[in-house]
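Here come two complexes built around chain A, the first alongside chain B, the second alongside chain C.
And now, the complex of A and B:
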């Protein structure tokens, strides 16, 4: 079993932030853990899945975040501590359920972990789940370092039980994917004799024995607000809200989450410890008013440091306005004053620059001459690299065929896509084929709409793509909508055999679950076939066959057509480091830049395994990178690319 | 002749809707393909000069250059182009495969040339259902399977490019005027390749007043009849004014007025009714659906007709004066209308460096035709 399940209280480990969260949950004795993969959250569930059997837990990669929340809630209702993990936009997916769950409340502790991605390193949005805490009227905790990731997650379960409602814990990429020292606490005994059950035969308004129903809404909404009030009182004395600095500083920084680390670093670099006080809040909603009042009273100048939107800033300002008769009017620095950006990630430099200006401090991070040289080198020295599909990726082949089929069709057709590696279909690596890219499952959803616009004269071919995991997550809904309304859409499932982008987590199409147990796999083709529509299955590496099928499907204007393109991801355990073919290029035949080719393979197809030899004016195979899939053989107009079966 | 690249081809031809889909730009590179009558450019090519632009019959066609090359004279704009004589013809008794439209002259000539070894391959137009498809044949008997009239534009010349790629040295081509024009450009070595030899052994041009847009035609015709059941299309020579569609046991007649709605705009710019850059041009003799009109233009065209006649593959006769007169009138009329349109639309002899003309021809000839 993983070291995360070692019962070695007091020992310090260097942990990935997400491991610290998992350890916190284990120390809290979590019994039911659910989630849907999404960067930067996935390692939490992966860590728990490894210890699930040993710790007598139930760990589930649910088909989507809403399901994950619902399954976790069942755990809580049945007297089991439960947790639900997702990335920022996952909270949106489940928010409808949360709106109701917040009203019914929970029983045993239930914690939602939202790992957000300021700067959108691995996302196509910069969503804020923090807003949901305000909207749903539930407490929000934001750990400010790696130790707190563990400790606050553990505490979140206690808090949840105390107020009988779910608690949201927010992490960010730099915490979840950073590493730091974490001192372990005690693990509870493995409880093999759990007596779970859902008591629901009591008086309807009894939170412990009644039904979990949010009616009468007035009553439950009032009760929810009482719970929030209780949380606010608890937060007044919470040890995760800390102040560091002189009693009466010139400037008070209020911060939370990873910004805590940036602020500490900026203060130290500027050497302004005697001028600046740092209030780090671990409980950012609801804010504890007395604690805020006490700290705002230290000075008239307040600088609020948080990532993306000024949510905490707004909440503090409301309190400050209410308290103004007592504490006086404050000068605020932060997002609204323009000291920090309202989009993108923060870092120590951004905080330092703002602080420098606010305090009128001189600071040179590097000599001017060095800076100039570095900038010059950066402009000329670093090659411009854009995101690309891996060598051997089935998506490159799929998009090649999709692009070709749409061009042959000639009606200015386009692809609607959603979230997965295949989202790179918007870029040249996918031949810029995707023209509408939105949420999980939105490809077929939006396409379903486009496909109904024929009566208004829209004649363009409409294609939707969706991954296998996304198919189950939310794609299936869009498909049902499109089929029911006879929308003229070609729906392509890019089935690469797992939730590939986040690390091959299982999904319902596979015969294994998060804990490694055998489960029934659901057949996407059979599901689609049961809808009475045309379903074709193809191998994306068969370019000719795929393109012929697709061209025919696209031009068949009768309702929804499905093509399932099956080929495992190049990085999957089944294919990684295994070449089907040894590739080479016959330089004598390669047309290079001449009319008849003009570098199709290295200019357009652009698999990283193909390189252009500038001096010899031919293409070459980069053997270290080439995955040996053999697809490029079929794109070469001169038949200069050769393959032979790998030994 | 000015040669540009595929970017210009896209701008000047595809985006101007001038492409007729003749196939001249296809099978040369991975970028240009034909699908159900439409030409698609799959990806942009960055080369400043390419064969696609050089061969295209819809941009920077220099009629004077071509005329000098093939007929030793600048383009004079006579209605039928340069020719030696005009005759009538039909397949002779040696041709026992009688299931062709009109007189069977084209099939007879091509199969004869293949049989005698004057050609090593022939580029023809077959069909799948009503979709015309290019076909490269080497067996003389296979010529007859392609003998029907198609009436929709076809990418026939891609099979010619395939033949050249496969190394055939004497390929015969049967094409419409636009295809024959493209072929003439191809044969005049526009890319100035070293060691160039003309790979085309015989060009049989067809008479053509227009070719339908395949997709529009298919959509139209499927409103009248099950497309999959169509066995034959025919437009009898004037004065008949209809298209006959044979499907199963049914024969449907569709008024040519309706059919003409499906003619692509690009045909109205075409100045050539009789495939002026061919060796031999063949059409239907007016009023005689079983006999062809034959225009012999070149030495090799003449030789092969003479030989085919001698050996009983072709029966050649004199053309009635009124038929010839009407042919000249019709061809001249097409030329005149097209040139007026080209001039009105500013597509003739454009002199700006960054713009390409549709057609280049000496102003004397233009004035003569338009006057």
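And now, the complex of A and C:
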């Protein structure tokens, strides 16, 4: 995507939403960009890292979001525009720092990009970073289409400089991972003589020359609220708040973000352009009261459309209550009135259904007879697809061994896990081995607690899993806690050589950084070893060896034991599209249903590359899918699965 | 660049398949080709966890006038391009209508539930029958099988794109395909992709002259 850094003002490109955000930051002349990978945000930093050297920027995948914010803040303090990118959960992780940063304020523009995942397509919660803007008392911008993703990110830097505080820009999956045509603006000159520096020798309360310290808190809190007030004034005339529709509509929709596009679609499909007005807000916190008043005065019926929690709805209602003596009492439609759900993502249909009821209009999405037929056919004709580890994934093999070792141990042992591809260990693809799944690093954290419950009679084996990137992000804290308190835990690091879930970003264990420069890699085994605990290293594809080691570790009940299972992800550049083995099934040996194994290979192991041939009644390798890892050879007790070194 | 009129405004395409098949790449190729012809494109998709063996869908909206929602409203698909045959059937329950058309790959990818024997996978005859029941026009081509002959199953996408171009529903030009590939991929991938693209159109012609 080298064209992202082309200086071709006015040219249109079809951009991924996240690329549009990256372009906006480039047009703003961002100098320091940091983040931690997380769907749906990762492509922003990936796009920037590709052009970092060319644009004289510093781009860093930090070890976690809190660090990312801290590094970005340093940039802002030293007179460099900086940006920090994460998914919704990342804002939680960094919020401790943010609460302080909001008070000290920033210098050169600093923008936080929070990409949220309503509907939790690739998350295990629905987050709500918007709440943080309220709690931190910082402005929140929500772009309403692809062009605005670029334009508003650029503007966010100006705003940040105007109020001397950080600004949050929120995107959602449907924008970040959608694509649309975006018209490029001008890129600033590449500035190679930047004179960065942190001035901190002035008077303590001087925002430009003093130290960055939030004491006395009273003073700084007051100053923070002044800044927010200033932002609110600016928002009154902000061009990203738009109204479309007749002067006095029957119903006013107030919306923001991707819902703007759903509302437009629903209005067009129902053909109610002359009855409904659409107020799209780009600045959703703090709300500009005069603008809201002017628009609420258009009609008595207001429909608020936003995703997940009714946050904007609450804020608008507060203003409406205060303004009631002037503008009258309004009828509200939205979440509280039950027109829209308070969980899950919205789409044009949900908005359309609500609108249809509010306006009493008829609309048929599909002819009833067709709908019935199509649903019936899909029920039998399209078998459900449960998520699964990729063919050749090291985690399938790891969980196979963990599951086996826990069974052998026989104490009803279980696994605590966290976020990453290996979280799929809750499903049959990981033999449903993970039984507790929470935040980054929580696997070892929760396990550290379980491992201390022996005195209360808890005798189950306690195992924690954690990926390599997660180890550095937050896993290491849980490990330190468990070691210090001699918790009886077996800690397995599933080291697949990168941040696989989000597209293989580098992490501190690797010798390359976001910009492709060489950096010192940190050795997980050496770190664990320095804690004076037992550390073993294994190859997950060696099923027998892994199971033996694990069984031993689980039964050695003295404190924390670590097993590092090392094998690159099947999609890693090292392994993708490279088969180690050519696989085939010896049909003369495979006894199918008649084998005493109960079809261990297909019924239990379930690699998508190994399928069951209904006609032949044997297993079969699907050559289009099999990654040629060779692991399944050791699954078949009859030795019917054969491998041959690939040429 | 002038915009030739579209069969529908906006023209709604769903590209569907299984995680790992390259849905995202195909929607990007198609979107970029049409952008070169001056159309306004909006694409919606999900990637991330769903790509691990789950059903994936890209919604592509082609318009001569404006951008649209990245999600197609229910019952409003005009064209379904299925990289996996049962996935084409699946999307019709939500997005189909009696006028919808389907271009489908024939190669099955068995869900793990089927591999495990918990679910049934329909025969290709049953899938064809379902498609004919629910769509106004249907084309099946052996894209992955042919791609395996070219030694790379992912080229199945390019074959499907070539076949779609061969349907002449939208102004998809080989020259645009060439330029877009050059923008998106290393140069050494060009020839094999052009070959696969042409193959797609040929296979479509065969599918049309036979009874698809």
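Heads up, the rule we're going with is that the second predicted complex is superposed on the first by the 645 of 647 C-alpha atoms of A that agree within 3 Å, B and C clash if a C-alpha of one lies under 4 Å from a C-alpha of the other, contacts with A are read in each partner's own complex, and residues count from 1 in each chain.
Everything that follows uses one rule, which is that a contact is a pair of C-beta atoms (placed from the backbone, for glycine too) under 8 Å apart; a residue touches a chain by one contact, two chains touch by 3 or more.
Bear in mind the structure is a predicted one, so any value in this text is a computation, not a measurement.
After overlaying the two complexes on the shared chain, residue contacts for A:374 are found with chain C alone; chain B is out of touch. Applying the stated contact rule after C-alpha superposition, one finds that A:335 touches neither chain B nor chain C.
Contacts of A:620 after superposition: neither chain B nor chain C is touched. Of the two partner chains placed by superposition, A:452 touches none, neither chain B nor chain C. With both complexes placed on chain A, chain A has more residues touched by C than by the other of chain B and chain C.
Common to the chain B and chain C interfaces on chain A are residues 603-604. Those residues of chain B that touch chain A in the complex are listed here as 28-31, 33, 35-36, 38, 40-43, 45-47, 49-51, 191.
By the touch rule above, chain A contacts chain B in their complex via residues 403-404, 407-410, 431, 551, 555, 593, 595-598, 600, 603-604, 635, 637. Within the complex formed with chain A, the residues of chain C that make contact are 18, 20, 27-28, 31-32, 35, 40-50, 52-55, 67-76, 86-87, 89-90, 92-93, 96-98, 107, 109-117, 119-122, 126-127, 130, 133-134, 144, 148, 152-153, 183. On the side of chain A, the complex with chain C involves touching residues 3, 12-14, 39-40, 121-123, 145-146, 173-175, 177-181, 258, 261-262, 264-266, 269, 347-349, 352, 365-367, 370-371, 373-375, 377-378, 380-390, 421, 424, 428-429, 501-502, 577, 599, 602-604, 606, 608, 610-612, 614, 622-625.
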